[in-house]
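The following blocks contain the structures, represented as C-alpha coordinates.
Presented sequentially are two complexes of chain A, the first with chain B as partner and the second with chain C.
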Partner chain A sequence: MDESPRPPSDQSPPPPPPAQSHTGSPTDFLKGVVGKRVIVRLTSGVDYKGVLSCLDGFMNIALEQTEEHVNGVITNRYGDSFIRGNNVLYISAAEEI
Partner chain B sequence: MDASVTGIQEPFDLIRLSLSERVFVKLRGDRQLTGILHAYDGHMNLIMSDVEETIMLVDPEGATNGRSVINVAKRKMEMLFVRGDGVILVSPPART
Partner chain C sequence: MASQILPLELIDRCIGSKIWVIMKSEREFTGTLLGFDDYVNIVLEDVTEFETTPQGVKKTALAQTLLNGSNIAMLVPGSNGPEDS
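The block that comes next holds the complex of A and B.
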(Lines of atoms letter the chains of each structure in order from A and count residues from 1; the text may use other names and numbers.)
(Lines give C-alpha, C1' and ligand atoms only; values in the text may rest on other atoms or scores of the structure.)
Protein backbone atom coordinates (compact mmCIF):
# COMPACT_ATOMS: atom_id res chain seq x y z
CA MET A 1 0.00 0.00 0.00
CA ASP A 2 1.47 3.27 -1.09
CA GLU A 3 0.10 5.76 1.39
CA SER A 4 2.06 8.90 0.63
CA PRO A 5 2.82 10.55 -2.67
CA ARG A 6 6.43 10.05 -3.52
CA PRO A 7 8.58 13.16 -3.31
CA PRO A 8 10.33 14.15 -6.46
CA SER A 9 13.60 12.27 -6.39
CA ASP A 10 16.52 14.41 -7.43
CA GLN A 11 18.95 11.71 -6.38
CA SER A 12 18.80 9.72 -9.58
CA PRO A 13 18.16 11.89 -12.61
CA PRO A 14 17.33 10.02 -15.78
CA PRO A 15 20.29 9.45 -18.06
CA PRO A 16 20.65 12.06 -20.76
CA PRO A 17 19.14 11.06 -24.09
CA PRO A 18 21.85 9.66 -26.34
CA ALA A 19 22.75 11.49 -29.51
CA GLN A 20 20.01 10.74 -32.01
CA SER A 21 22.22 10.15 -35.02
CA HIS A 22 23.97 7.19 -33.43
CA THR A 23 21.03 5.26 -32.07
CA GLY A 24 18.92 2.59 -33.62
CA SER A 25 18.93 -1.12 -34.05
CA PRO A 26 20.73 -3.06 -36.79
CA THR A 27 17.37 -3.27 -38.53
CA ASP A 28 17.10 0.52 -38.50
CA PHE A 29 20.51 0.72 -40.13
CA LEU A 30 19.52 -1.73 -42.83
CA LYS A 31 16.28 0.15 -43.52
CA GLY A 32 18.35 3.32 -43.77
CA VAL A 33 20.80 2.00 -46.35
CA VAL A 34 18.22 0.59 -48.79
CA GLY A 35 18.54 2.62 -51.97
CA LYS A 36 22.00 3.88 -50.97
CA ARG A 37 25.49 2.92 -52.12
CA VAL A 38 26.93 0.15 -49.99
CA ILE A 39 29.94 -2.12 -49.78
CA VAL A 40 29.10 -5.76 -49.10
CA ARG A 41 32.03 -7.84 -47.91
CA LEU A 42 31.78 -11.60 -48.14
CA THR A 43 33.54 -13.98 -45.78
CA SER A 44 35.86 -14.84 -48.68
CA GLY A 45 37.14 -11.23 -48.59
CA VAL A 46 35.57 -10.25 -51.91
CA ASP A 47 33.81 -6.86 -51.89
CA TYR A 48 30.71 -5.92 -53.85
CA LYS A 49 30.04 -2.21 -54.26
CA GLY A 50 26.68 -1.05 -55.56
CA VAL A 51 23.27 0.37 -54.80
CA LEU A 52 21.32 -1.76 -52.34
CA SER A 53 17.95 -2.61 -53.90
CA CYS A 54 16.66 -4.70 -51.05
CA LEU A 55 17.46 -7.47 -48.61
CA ASP A 56 15.58 -10.12 -46.64
CA GLY A 57 15.76 -11.88 -43.30
CA PHE A 58 18.45 -14.29 -44.50
CA MET A 59 20.47 -11.23 -45.51
CA ASN A 60 20.12 -12.23 -49.13
CA ILE A 61 20.92 -9.03 -51.00
CA ALA A 62 19.90 -7.51 -54.31
CA LEU A 63 22.42 -4.97 -55.61
CA GLU A 64 22.30 -2.68 -58.63
CA GLN A 65 25.29 -1.33 -60.57
CA THR A 66 27.45 -3.92 -58.87
CA GLU A 67 31.24 -3.87 -59.00
CA GLU A 68 33.18 -6.87 -57.74
CA HIS A 69 36.45 -5.93 -56.06
CA VAL A 70 39.17 -8.44 -55.20
CA ASN A 71 42.21 -6.99 -53.40
CA GLY A 72 41.07 -3.50 -54.40
CA VAL A 73 40.90 -4.34 -58.12
CA ILE A 74 37.64 -4.40 -60.06
CA THR A 75 37.22 -7.94 -61.37
CA ASN A 76 33.63 -7.88 -62.63
CA ARG A 77 30.60 -5.66 -63.17
CA TYR A 78 26.99 -6.74 -63.01
CA GLY A 79 23.89 -4.67 -63.75
CA ASP A 80 22.02 -6.50 -61.03
CA SER A 81 23.11 -9.19 -58.67
CA PHE A 82 21.68 -11.45 -56.03
CA ILE A 83 24.04 -12.35 -53.19
CA ARG A 84 23.14 -15.35 -51.05
CA GLY A 85 22.99 -14.19 -47.44
CA ASN A 86 25.16 -16.86 -45.85
CA ASN A 87 28.22 -15.44 -47.64
CA VAL A 88 27.83 -11.93 -46.20
CA LEU A 89 30.34 -10.72 -43.61
CA TYR A 90 29.18 -7.11 -43.39
CA ILE A 91 27.30 -4.34 -45.16
CA SER A 92 28.95 -0.94 -45.02
CA ALA A 93 27.26 2.34 -45.94
CA ALA A 94 29.30 4.01 -48.68
CA GLU A 95 27.41 7.33 -48.52
CA GLU A 96 25.55 9.43 -45.96
CA ILE A 97 22.47 7.63 -44.64
CA MET B 1 14.01 4.51 -54.72
CA ASP B 2 14.71 2.58 -57.87
CA ALA B 3 13.11 -0.57 -56.48
CA SER B 4 9.67 0.94 -56.98
CA VAL B 5 10.46 1.38 -60.66
CA THR B 6 11.85 -2.10 -61.19
CA GLY B 7 9.22 -3.90 -59.13
CA ILE B 8 11.70 -5.57 -56.82
CA GLN B 9 10.55 -5.78 -53.20
CA GLU B 10 12.71 -8.67 -52.06
CA PRO B 11 15.94 -10.19 -53.37
CA PHE B 12 14.22 -13.30 -54.73
CA ASP B 13 12.22 -11.09 -57.10
CA LEU B 14 15.48 -10.58 -58.99
CA ILE B 15 15.73 -14.35 -59.49
CA ARG B 16 12.05 -14.72 -60.36
CA LEU B 17 12.41 -12.12 -63.11
CA SER B 18 15.36 -14.12 -64.51
CA LEU B 19 13.45 -17.37 -65.07
CA SER B 20 13.93 -18.66 -68.63
CA GLU B 21 16.82 -16.22 -69.07
CA ARG B 22 20.54 -16.86 -69.26
CA VAL B 23 22.10 -16.12 -65.88
CA PHE B 24 25.59 -15.96 -64.43
CA VAL B 25 26.13 -17.90 -61.20
CA LYS B 26 29.21 -17.62 -59.01
CA LEU B 27 29.82 -20.71 -56.90
CA ARG B 28 32.14 -21.65 -54.09
CA GLY B 29 35.39 -23.29 -55.09
CA ASP B 30 36.25 -20.74 -57.82
CA ARG B 31 33.58 -22.01 -60.16
CA GLN B 32 31.10 -20.11 -62.25
CA LEU B 33 28.19 -21.11 -64.44
CA THR B 34 26.23 -19.55 -67.23
CA GLY B 35 23.01 -21.16 -68.34
CA ILE B 36 19.27 -20.86 -68.72
CA LEU B 37 17.50 -20.70 -65.35
CA HIS B 38 14.47 -22.98 -65.19
CA ALA B 39 13.62 -23.18 -61.51
CA TYR B 40 14.80 -22.16 -58.06
CA ASP B 41 13.67 -22.42 -54.46
CA GLY B 42 14.27 -20.70 -51.15
CA HIS B 43 17.61 -22.47 -50.66
CA MET B 44 18.70 -21.14 -54.05
CA ASN B 45 18.76 -24.68 -55.37
CA LEU B 46 18.74 -24.09 -59.12
CA ILE B 47 17.74 -26.02 -62.20
CA MET B 48 19.67 -24.82 -65.22
CA SER B 49 20.05 -26.00 -68.80
CA ASP B 50 22.60 -25.40 -71.56
CA VAL B 51 25.19 -24.76 -68.86
CA GLU B 52 28.84 -23.90 -69.25
CA GLU B 53 30.92 -24.30 -66.11
CA THR B 54 34.21 -22.40 -65.77
CA ILE B 55 36.64 -23.63 -63.13
CA MET B 56 39.61 -21.52 -62.05
CA LEU B 57 42.58 -23.64 -60.97
CA VAL B 58 45.66 -22.05 -59.41
CA ASP B 59 48.77 -23.97 -60.41
CA PRO B 60 51.56 -23.47 -57.84
CA GLU B 61 53.94 -25.63 -59.92
CA GLY B 62 53.87 -23.25 -62.82
CA ALA B 63 54.57 -20.24 -60.59
CA THR B 64 57.21 -17.88 -61.91
CA ASN B 65 58.67 -15.01 -59.85
CA GLY B 66 55.89 -15.16 -57.33
CA ARG B 67 53.03 -14.97 -59.82
CA SER B 68 51.03 -18.16 -59.76
CA VAL B 69 49.56 -19.46 -62.99
CA ILE B 70 45.79 -19.71 -63.17
CA ASN B 71 44.41 -22.42 -65.41
CA VAL B 72 40.84 -22.25 -66.62
CA ALA B 73 38.87 -25.41 -67.28
CA LYS B 74 35.51 -25.37 -69.00
CA ARG B 75 32.85 -27.97 -69.52
CA LYS B 76 29.29 -28.06 -70.75
CA MET B 77 26.26 -29.76 -69.32
CA GLU B 78 22.80 -30.09 -70.78
CA MET B 79 20.84 -30.04 -67.57
CA LEU B 80 22.04 -29.29 -64.07
CA PHE B 81 20.75 -29.23 -60.51
CA VAL B 82 22.80 -26.82 -58.37
CA ARG B 83 22.64 -27.26 -54.61
CA GLY B 84 21.82 -23.90 -53.06
CA ASP B 85 24.54 -23.78 -50.42
CA GLY B 86 27.22 -23.55 -53.09
CA VAL B 87 25.77 -20.38 -54.57
CA ILE B 88 27.52 -17.07 -53.83
CA LEU B 89 26.01 -14.74 -56.43
CA VAL B 90 23.48 -14.83 -59.23
CA SER B 91 23.41 -12.13 -61.88
CA PRO B 92 20.51 -11.94 -64.32
CA PRO B 93 20.93 -10.61 -67.85
CA ALA B 94 20.89 -6.82 -68.14
CA ARG B 95 17.32 -5.57 -67.82
CA THR B 96 16.04 -3.30 -70.56
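The block that comes next holds the complex of A and C.
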Protein backbone atom coordinates (compact mmCIF):
# COMPACT_ATOMS: atom_id res chain seq x y z
CA MET A 1 0.00 0.00 0.00
CA ASP A 2 1.77 3.03 -1.16
CA GLU A 3 -0.95 5.64 -1.42
CA SER A 4 1.08 8.49 -0.17
CA PRO A 5 1.46 11.27 -2.69
CA ARG A 6 4.72 11.33 -4.51
CA PRO A 7 7.07 14.00 -3.52
CA PRO A 8 6.66 16.79 -6.02
CA SER A 9 10.30 16.79 -6.93
CA ASP A 10 9.71 15.14 -10.34
CA GLN A 11 7.16 17.65 -11.57
CA SER A 12 8.19 20.90 -10.01
CA PRO A 13 10.56 22.99 -12.07
CA PRO A 14 14.02 23.45 -10.67
CA PRO A 15 14.16 26.27 -8.18
CA PRO A 16 15.14 29.57 -9.72
CA PRO A 17 18.77 30.48 -9.25
CA PRO A 18 19.30 32.57 -6.15
CA ALA A 19 18.44 36.17 -6.92
CA GLN A 20 21.58 38.00 -7.84
CA SER A 21 21.30 40.43 -4.99
CA HIS A 22 24.35 42.31 -6.11
CA THR A 23 26.84 41.74 -8.86
CA GLY A 24 27.85 45.35 -8.47
CA SER A 25 28.41 46.19 -12.13
CA PRO A 26 27.70 49.73 -13.38
CA THR A 27 24.50 48.50 -15.07
CA ASP A 28 23.22 46.99 -11.81
CA PHE A 29 24.06 50.14 -9.92
CA LEU A 30 22.12 52.24 -12.43
CA LYS A 31 19.11 49.90 -12.31
CA GLY A 32 19.08 50.25 -8.54
CA VAL A 33 19.42 53.98 -8.45
CA VAL A 34 16.72 55.06 -10.94
CA GLY A 35 13.93 56.83 -9.06
CA LYS A 36 16.19 57.58 -6.09
CA ARG A 37 17.87 60.77 -4.96
CA VAL A 38 21.34 61.11 -6.43
CA ILE A 39 24.25 63.52 -6.55
CA VAL A 40 25.69 64.04 -10.01
CA ARG A 41 29.06 65.78 -10.08
CA LEU A 42 30.34 67.19 -13.35
CA THR A 43 34.03 67.35 -14.23
CA SER A 44 33.80 71.11 -13.60
CA GLY A 45 32.99 70.35 -9.94
CA VAL A 46 29.39 71.55 -10.08
CA ASP A 47 26.93 69.24 -8.30
CA TYR A 48 23.36 68.49 -9.33
CA LYS A 49 21.22 66.87 -6.65
CA GLY A 50 17.84 65.47 -7.54
CA VAL A 51 15.72 62.44 -8.31
CA LEU A 52 17.15 60.37 -11.15
CA SER A 53 14.31 59.84 -13.61
CA CYS A 54 16.27 58.08 -16.36
CA LEU A 55 19.59 57.73 -18.09
CA ASP A 56 21.31 55.93 -20.96
CA GLY A 57 24.60 54.29 -21.87
CA PHE A 58 26.26 57.65 -22.53
CA MET A 59 25.46 58.68 -18.95
CA ASN A 60 23.08 61.28 -20.34
CA ILE A 61 20.87 61.96 -17.33
CA ALA A 62 17.38 63.30 -16.70
CA LEU A 63 16.89 64.66 -13.18
CA GLU A 64 13.77 65.90 -11.38
CA GLN A 65 13.61 68.38 -8.50
CA THR A 66 17.14 69.41 -9.38
CA GLU A 67 19.29 71.64 -7.18
CA GLU A 68 22.48 73.07 -8.63
CA HIS A 69 25.27 73.32 -6.04
CA VAL A 70 28.45 75.31 -6.64
CA ASN A 71 31.02 75.12 -3.82
CA GLY A 72 28.32 73.69 -1.55
CA VAL A 73 25.88 76.59 -2.11
CA ILE A 74 22.60 76.19 -3.99
CA THR A 75 22.77 78.43 -7.05
CA ASN A 76 19.72 77.25 -8.99
CA ARG A 77 16.68 75.00 -8.90
CA TYR A 78 15.15 73.26 -11.90
CA GLY A 79 11.99 71.15 -12.07
CA ASP A 80 13.41 68.91 -14.76
CA SER A 81 16.89 68.95 -16.20
CA PHE A 82 18.94 67.06 -18.74
CA ILE A 83 22.68 66.57 -18.30
CA ARG A 84 24.79 65.56 -21.27
CA GLY A 85 26.78 62.47 -20.35
CA ASN A 86 30.24 63.63 -21.39
CA ASN A 87 30.25 66.14 -18.51
CA VAL A 88 29.48 63.59 -15.81
CA LEU A 89 32.29 62.77 -13.36
CA TYR A 90 30.22 60.54 -11.11
CA ILE A 91 26.72 59.57 -10.04
CA SER A 92 26.42 58.93 -6.31
CA ALA A 93 23.45 57.51 -4.40
CA ALA A 94 22.09 60.05 -1.90
CA GLU A 95 19.73 57.55 -0.24
CA GLU A 96 19.65 53.81 0.41
CA ILE A 97 19.49 51.78 -2.80
CA MET B 1 56.05 31.34 -20.98
CA ALA B 2 54.59 32.04 -17.58
CA SER B 3 50.83 32.42 -17.48
CA GLN B 4 49.87 35.95 -18.36
CA ILE B 5 47.32 38.00 -16.50
CA LEU B 6 45.38 40.68 -18.34
CA PRO B 7 45.19 44.17 -16.82
CA LEU B 8 41.45 43.99 -16.28
CA GLU B 9 41.76 40.53 -14.71
CA LEU B 10 43.86 42.19 -12.04
CA ILE B 11 41.07 44.67 -11.38
CA ASP B 12 38.50 41.87 -11.41
CA ARG B 13 40.44 40.16 -8.61
CA CYS B 14 40.14 43.37 -6.56
CA ILE B 15 36.32 43.29 -6.45
CA GLY B 16 35.31 43.45 -2.80
CA SER B 17 38.54 45.04 -1.63
CA LYS B 18 39.79 48.59 -1.29
CA ILE B 19 40.97 50.46 -4.35
CA TRP B 20 42.48 53.88 -5.04
CA VAL B 21 41.37 55.61 -8.22
CA ILE B 22 43.44 58.48 -9.61
CA MET B 23 41.78 60.71 -12.18
CA LYS B 24 43.37 62.67 -15.02
CA SER B 25 42.78 65.85 -13.04
CA GLU B 26 43.75 66.66 -9.44
CA ARG B 27 41.14 64.33 -8.04
CA GLU B 28 41.33 60.92 -6.38
CA PHE B 29 38.85 58.44 -4.95
CA THR B 30 39.14 55.54 -2.56
CA GLY B 31 36.54 52.97 -1.65
CA THR B 32 35.52 49.35 -1.87
CA LEU B 33 35.33 48.13 -5.46
CA LEU B 34 31.91 46.64 -6.26
CA GLY B 35 32.31 46.26 -10.02
CA PHE B 36 33.33 47.74 -13.34
CA ASP B 37 32.59 47.39 -17.06
CA ASP B 38 34.51 47.33 -20.36
CA TYR B 39 34.90 51.13 -20.34
CA VAL B 40 36.31 50.88 -16.79
CA ASN B 41 33.38 52.80 -15.41
CA ILE B 42 33.70 51.86 -11.75
CA VAL B 43 31.21 51.28 -8.93
CA LEU B 44 32.59 52.03 -5.47
CA GLU B 45 31.13 51.84 -1.98
CA ASP B 46 32.02 53.89 1.14
CA VAL B 47 33.87 56.37 -1.01
CA THR B 48 36.14 59.25 -0.08
CA GLU B 49 36.83 61.84 -2.74
CA PHE B 50 40.09 63.81 -2.46
CA GLU B 51 40.21 67.03 -4.44
CA THR B 52 43.60 68.75 -4.44
CA THR B 53 43.24 72.52 -4.73
CA PRO B 54 45.66 75.39 -4.08
CA GLN B 55 43.84 75.79 -0.74
CA GLY B 56 44.54 72.18 0.27
CA VAL B 57 42.92 68.78 -0.04
CA LYS B 58 39.13 68.78 0.12
CA LYS B 59 37.61 65.47 1.25
CA THR B 60 34.04 64.36 0.50
CA ALA B 61 32.38 61.20 1.80
CA LEU B 62 30.01 59.41 -0.60
CA ALA B 63 27.85 56.28 -0.51
CA GLN B 64 27.63 53.97 -3.55
CA THR B 65 29.06 55.83 -6.52
CA LEU B 66 29.44 55.19 -10.24
CA LEU B 67 32.64 56.81 -11.52
CA ASN B 68 32.78 57.72 -15.19
CA GLY B 69 35.65 55.80 -16.78
CA SER B 70 36.54 58.51 -19.26
CA ASN B 71 38.34 60.59 -16.61
CA ILE B 72 40.18 57.74 -14.87
CA ALA B 73 43.97 57.61 -15.22
CA MET B 74 45.15 54.92 -12.79
CA LEU B 75 43.90 52.28 -10.36
CA VAL B 76 45.87 51.13 -7.31
CA PRO B 77 44.49 47.88 -5.82
CA GLY B 78 44.44 47.33 -2.07
CA SER B 79 45.26 50.92 -1.13
CA ASN B 80 43.44 53.23 1.24
CA GLY B 81 44.46 56.14 -0.91
CA PRO B 82 46.69 59.20 -0.77
CA GLU B 83 46.84 59.20 3.03
CA ASP B 84 47.99 55.57 3.09
CA SER B 85 51.25 55.81 1.20
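The definition used in the following text is that the second predicted complex is superposed on the first by the 74 of 97 C-alpha atoms of A that agree within 3 Å, B and C clash if a C-alpha of one lies under 4 Å from a C-alpha of the other, contacts with A are read in each partner's own complex, and residues count from 1 in each chain.
By definition in this document, a contact is a pair of C-beta atoms (placed from the backbone, for glycine too) under 8 Å apart; a residue touches a chain by one contact, two chains touch by 3 or more.
Predicted model only: the values in this text are computed from it and were never measured.
Q: State whether A:Y78 touches chain B only (first), chain C only (second), both chains, or neither.
A: first
Q: For A:N86, using the defined touch cut-off, is the partner it touches chain B, chain C, both, or neither? Pick first, second, both or neither.
A: Touch partners of A:N86: chain B and chain C.
Q: Of the partners chain B and chain C, which touch A:G24 in the superposed model: first, second, both, neither?
A: A:G24 contacts chain C only, not chain B.
Q: In the overlay, answer first, second, both or neither for which of chain B and chain C A:I39 touches.
A: A:I39 sits against chain C, while chain B stays out of touch.
Q: Should A:S53 be classified as contacting the first partner (chain B), the second (chain C), both, or neither?
A: first
Q: Could you tell me which stretches of chain A are touched by chain B in one complex and by chain C in the other?
A: Correct list for chain A: 86.
Q: Provide the residue numbers of chain C that touch chain A in the complex, in ascending order.
A: Within the complex, chain C contacts chain A at residues 15, 23, 25, 27, 34-37, 41-43, 47, 51, 62-68, 70-71.
Q: Within their complex, state which residues of chain B touch chain A.
A: The touching residues are 1-3, 6, 8-15, 24, 44, 84-85, 87-92, 94-95.
Q: Please give the residue numbers of chain A that touch chain B in the complex, ascending.
A: 34-35, 42, 44, 48, 51, 53-56, 60-62, 64, 66, 78-84, 86-87
Q: Can you name the residues of chain A that touch chain C in the complex?
A: Listed in rising order, the residues of chain A that touch chain C are 22-30, 33, 39, 43, 45, 59, 86, 88-94, 97.
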